[in-house]
Amino acid sequence: MTMFTIAGSPHIHGDDSTKKIMYGVVIAMVPAMLVSIYYFDFNAIRVLLLAVISSLFFEWLIQKYLIKGPVTITDGSALVTGILLAFNVPTNLPGWMVIVGALVAIGMAKMSFGGLGKNIFNPALVARVFLLISFPVEMTSWPKPMPITKGFFADVITGPTPLGLVKEGLRAGESISKLQSELPGYVDYLIGQMGGSMGEVSAIALILGGIYMLWKKIITWEIPVSILVTVFVFSGILWLVNPEKYIDPVFHLLTGGLLLGALFMATDMVTSPMTRGGQLLFGFGIGLLTILIRIWGAYPEGVSFAILLMNAAVPLINRGFKPRRFGAKPGVQLGS
Amino acid sequence: MCFAEKCLLNEIIRKSIVVDNIIIIAVIALGGLGLVSAVILFFVAKKFKVFEDPKIDEVEEALPSANCGGCGYPGCRAFAEAAVKAAKENHSLEGLNCPVGGNEVMQTVGQLLGIEVEQQEPLIAVVRCNGSYANSPGKVKYEGVSSCAFTHALFTGEGGCQYGCLGHGDCVDACDFDAIHMNPETGLPVVNDKCTACGACVEACPRDIIELRKKGPKDRRIFVSCVNKEKGGPAKKNCAVACIGCGKCEKVCKFDAITITSFLAYIDFNKCTLCRKCVEVCPTDAIWEVNFKPRKPKPLEPEGSVARKTVVAKPADAEKVKSAEEKPKPEDKH
Amino acid sequence: MGVLKTFVLGGVHPEENKLSSNVPIEALPVPEQAIVPLGQNLGAPSKPVVSKGDKVKTGQLIAEAGGFISANIHSPVSGTVLKIDNVVDMTGFRRPGIVIKTEGDEWDESIDRSDDLITEVDYSAEEIIEKIKQAGIVGMGGATFPTYVKLMPPPGKKADHVIINGVECEPYLTSDHRLMLEKGQEIIIGTKILMKALKVAQAIIGIESNKPDAINHLTELTKNEENIKVVPLKVKYPQGGEKQLIKAVLNREVPSGKLPIEVGCVVQNVGTTFAVYEAVQKNKPLFERVVTVTGKSVKKPSNFLARIGTPISKLVDAAEGLPDDTGKIIGGGPMMGKALPSLDVPVVKGASGILLMREQESHRKPESPCIRCSKCTNVCPMGLEPFLLAKASKIGKYDIAENEKVMDCIECGSCQYICPASIPLLDYLRLGKNKVGNIIRNRKKK
């Protein structure tokens, strides 16, 4: 005779699972992955594979031998971290640095906090910043995108990102209008014809992934929209004030890691606020910090730092922003 | 190297030249701040000094500082305050007892406060359910959080007995002394001799299965290991060793120690003389004897079988003491 | 149809699986023995007024209310009282009850057994409430709160709307749906009776749009009734919750910790409304109810009109037996129902359905770490943060749980349903509610 099961209600469960969410993110990253393979050919595949395999390996190693707990590398979270790490480094980064990055991401930023769900900072971003500070030269010499059609294993020419160009040019006292002639055009930013880290080059591919995640309800609109709007408005105001000193807002939106950060890194569930209000504030903070760093900071790119800084503020934001409680609305209370 | 990094580096080098000045300024600023704060703190401490009876500190020193709450006060400090207050106002420590420290500690506290303290009988937590996996086999399977408080409200328990142990170990979680553990073979908690009778497990058990009973001479105890208030039939249906309320033990007891209420026998540990007659007559083996010399193979408590050196007052004395402050426990707590 | 009304905060949409929505209500034969638990309602259990060996008729009072919040119980069969003893109730606990051996089916003379529809309500509000109280009617959606208490607003409070709950948002269950289709006229008259009892001018019948036939039927019947409105609602769980329903139909929010009367509403389930009709117009006390027997492997998912006290095994037999692959028996719907330990439990006043779940459906998914996706917060219809409350309850921080309004939780299970990490959130929330409830009670005592 079968024994009946006793459990508290509810007795049915939706078909959502952590795995589904994680693999959904992976699917959303496929367009950007394809674009980077198109432009950076073999190197993109090399960095991608190295980052993913070493992330999975370190997660397995730590779970099995350090924590001695269940091994959960199939849940997809290490895979996502690995791909994001690859997306965040130049494709000509030496292999061992990618592996160090994976170790920092998984070991330092994720497992040392207690594993999935407990980390405060986005693991891939911690790794990126770690690499950027440790190996500034390697991390800031980006290969020029070279369509795969021009031959495999073509010689890699490195050059700065558009953001780097602008910053350098402004420091040297050049005006925006002069710089703009040296920069690639907006169409290039959209399709990915610009220097940059592996995953951040093509705006269209990233937006496609973002739309997929929104459709699959993996992310909500609040964080990406608030980041992008803040960046647009803030940089727009500066541009209106002095278009010769500050570059236009569309440039800010499309270049650098902004779209990658807004759609894939800031929306990381673990390290973002829980309520709508909190998410809007979080996005606003990231947008503001990004432009502050980009324009007045030492680095040409500020998305990673902005997201990490706001990550640190998440517990505080969660405390301050509570969902609207049912029955707490003033005005409807008759009597009492 | 990127232009930006170069800039950063230059800046750092430039700043290191002025670093000496910075250190001197910092030392002066911090030192001054410290001095000002110290002066303020000194006056504040003077002005707002609260007088506390130094005896409170002495009493607290004597307590085991387990902060278990077994005495009914939130921590040892609160107990010490209450003791000093009681000594000052009533000149007695009645109603105040540190179960963890036991007699020794209470005597010391009494001496400190100059008050005679009556001897207390040492108690121990006793688990009054034997519905192990074998005795009360599972009829359904439970899935969900491991919490007795939750499952108690949800269903009767896997074995089907609505009075029996749920086996999720709320008592184990409540224990601060590592004195109660789940036995994985039976699914029941077992108390070891680290028990201080603080009563935390008694509170934690949603089914009132755990009781503080007299530790007994040489740790010998006899108790009914069942709290099922059902008639014999339904009780037996769920558990092979349930008390069926047959009354045999009540009849055989010469000391009026056993009473039966709602089909459940209860042994008053103040009246029980440990004659072991009831154990023999129990048809369902619901009455347990613990730490006796084996007369025939009987279920023994696995742990705590070693006789301890703790000196226990003679049963006769103990009875006098006990009956003075503790009325026989009514079984029907519900 | 334009934009359908619904409540704003949270909600989920589980697979509906209304397998028995086209099966007409079938009256089940009288059981050989009726097991009538005395604690069938929220509040105090009833006190028996018969003793062993007494002859009783169907509909005769056998236990009277044991307090203000309590209800009368009437014999569901005619025969001899076999014993008054502990019986297994719906949750498997043995609690006091009355067992009656059936001999024939002789009804109490005062009950009008004809099928005539009595449309005129010739009773005063007080008479209606008294009749409902005598008939032992309780909320039949599952909460089993004595109905007459709801009809007597506390001093200073005044109702302006009666809301009839025809939402039936629980998946699988169809008893209310069938009742609306087959007893529509009676429900309308019942609604009028409730309006009269509460002296209100407006009534709203809320029905989810997955029951278009019921919506059409009742709309047709209320064509000439200006004061009774049928409101179709968007399908969203837990719309059947009182507070959610009021929000959906009237856009009023019951304040935290308060009852619907605070915003001038009284909500009654359609099953209750039908029972009110029978009690007032036909003098028939509550001793039978419609119970859905369903499940994916059940051969004949059905809606039965069963006497209270019928063992649910009889209902399952009538639905062509217990499927071999049954892994879990649920009393009620899959979202809020209780898992039953066996089929030997009786039908009670609050039993809306028996759901037999397949073995493969009846287990929880393994729990994994919380990824802070905030889905639980987004679906909570009360605007709570289930992840936080569950964590606080788990580690015993009941003060946090209390401050974060754990007592507002309506235990709808949406959070646990949606959780991608399959964390038993509601288990922990119930634990927290239990402990916080005790803490509050103790505090009030002091």
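Chains here go by letter, A, B and C, matching the order in which they are written, and residues are numbered from 1 within each.
Criterion: a residue touches a chain if its C-beta (ideal position, glycine included) is under 8 Å from a C-beta of that chain, and two chains touch if they have at least 3 such contacts.
Given the structure is predicted, the values throughout are model-derived calculations rather than measurements.
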Of all other chains, the one whose Cα centre sits farthest from chain C: A
Centrality ranking, top chain (CA atoms only): C
Chains linked by the largest number of contacting C-beta pairs: A-C
Interchain centroid distance [CA atoms averaged], chain B/chain C, Å: 42
Cα-centroid distance, chain A relative to chain C, in whole angstrom: 49
Whole-Å gap between the CA centroids of chain A and chain B: 52
Residues of chain B whose C-beta touches two or more other chains: 139-140, 143-144, 150, 154-155
Overlap residues in chain A, where contacts from two or more other chains coincide: 4-8
Per-residue overlap in chain C, given as positions that touch at least 2 other chains: 338-339, 341-342, 363-364, 424, 427, 430
Residue numbers on chain A that touch chain C, as the complex places them: 2, 4-14, 16-18, 20-21, 72, 75, 77, 115-118, 269-275, 322-329, 332-336
Chain B - residues contacting chain A, complex: 1-5, 7-8, 11, 138-144, 150, 154-155, 158
Chain C contact footprint on chain B (complex, rising order): 139-140, 143-145, 147, 149-150, 153-156, 160, 162, 230-231, 234
Parts of chain A lying in touch with chain B, wherever the complex brings them together: 3-8, 136-137, 140-141, 160, 164, 167-168, 171, 298-300
Chain A-facing residues of chain C, complex: 9, 12, 14-15, 156-157, 171, 243, 247, 252-258, 262-264, 326-330, 332, 334-342, 355, 357, 359, 361-365, 368-375, 377, 380-385, 387, 404-405, 408, 411, 413-414, 416-422, 424, 426-427, 430
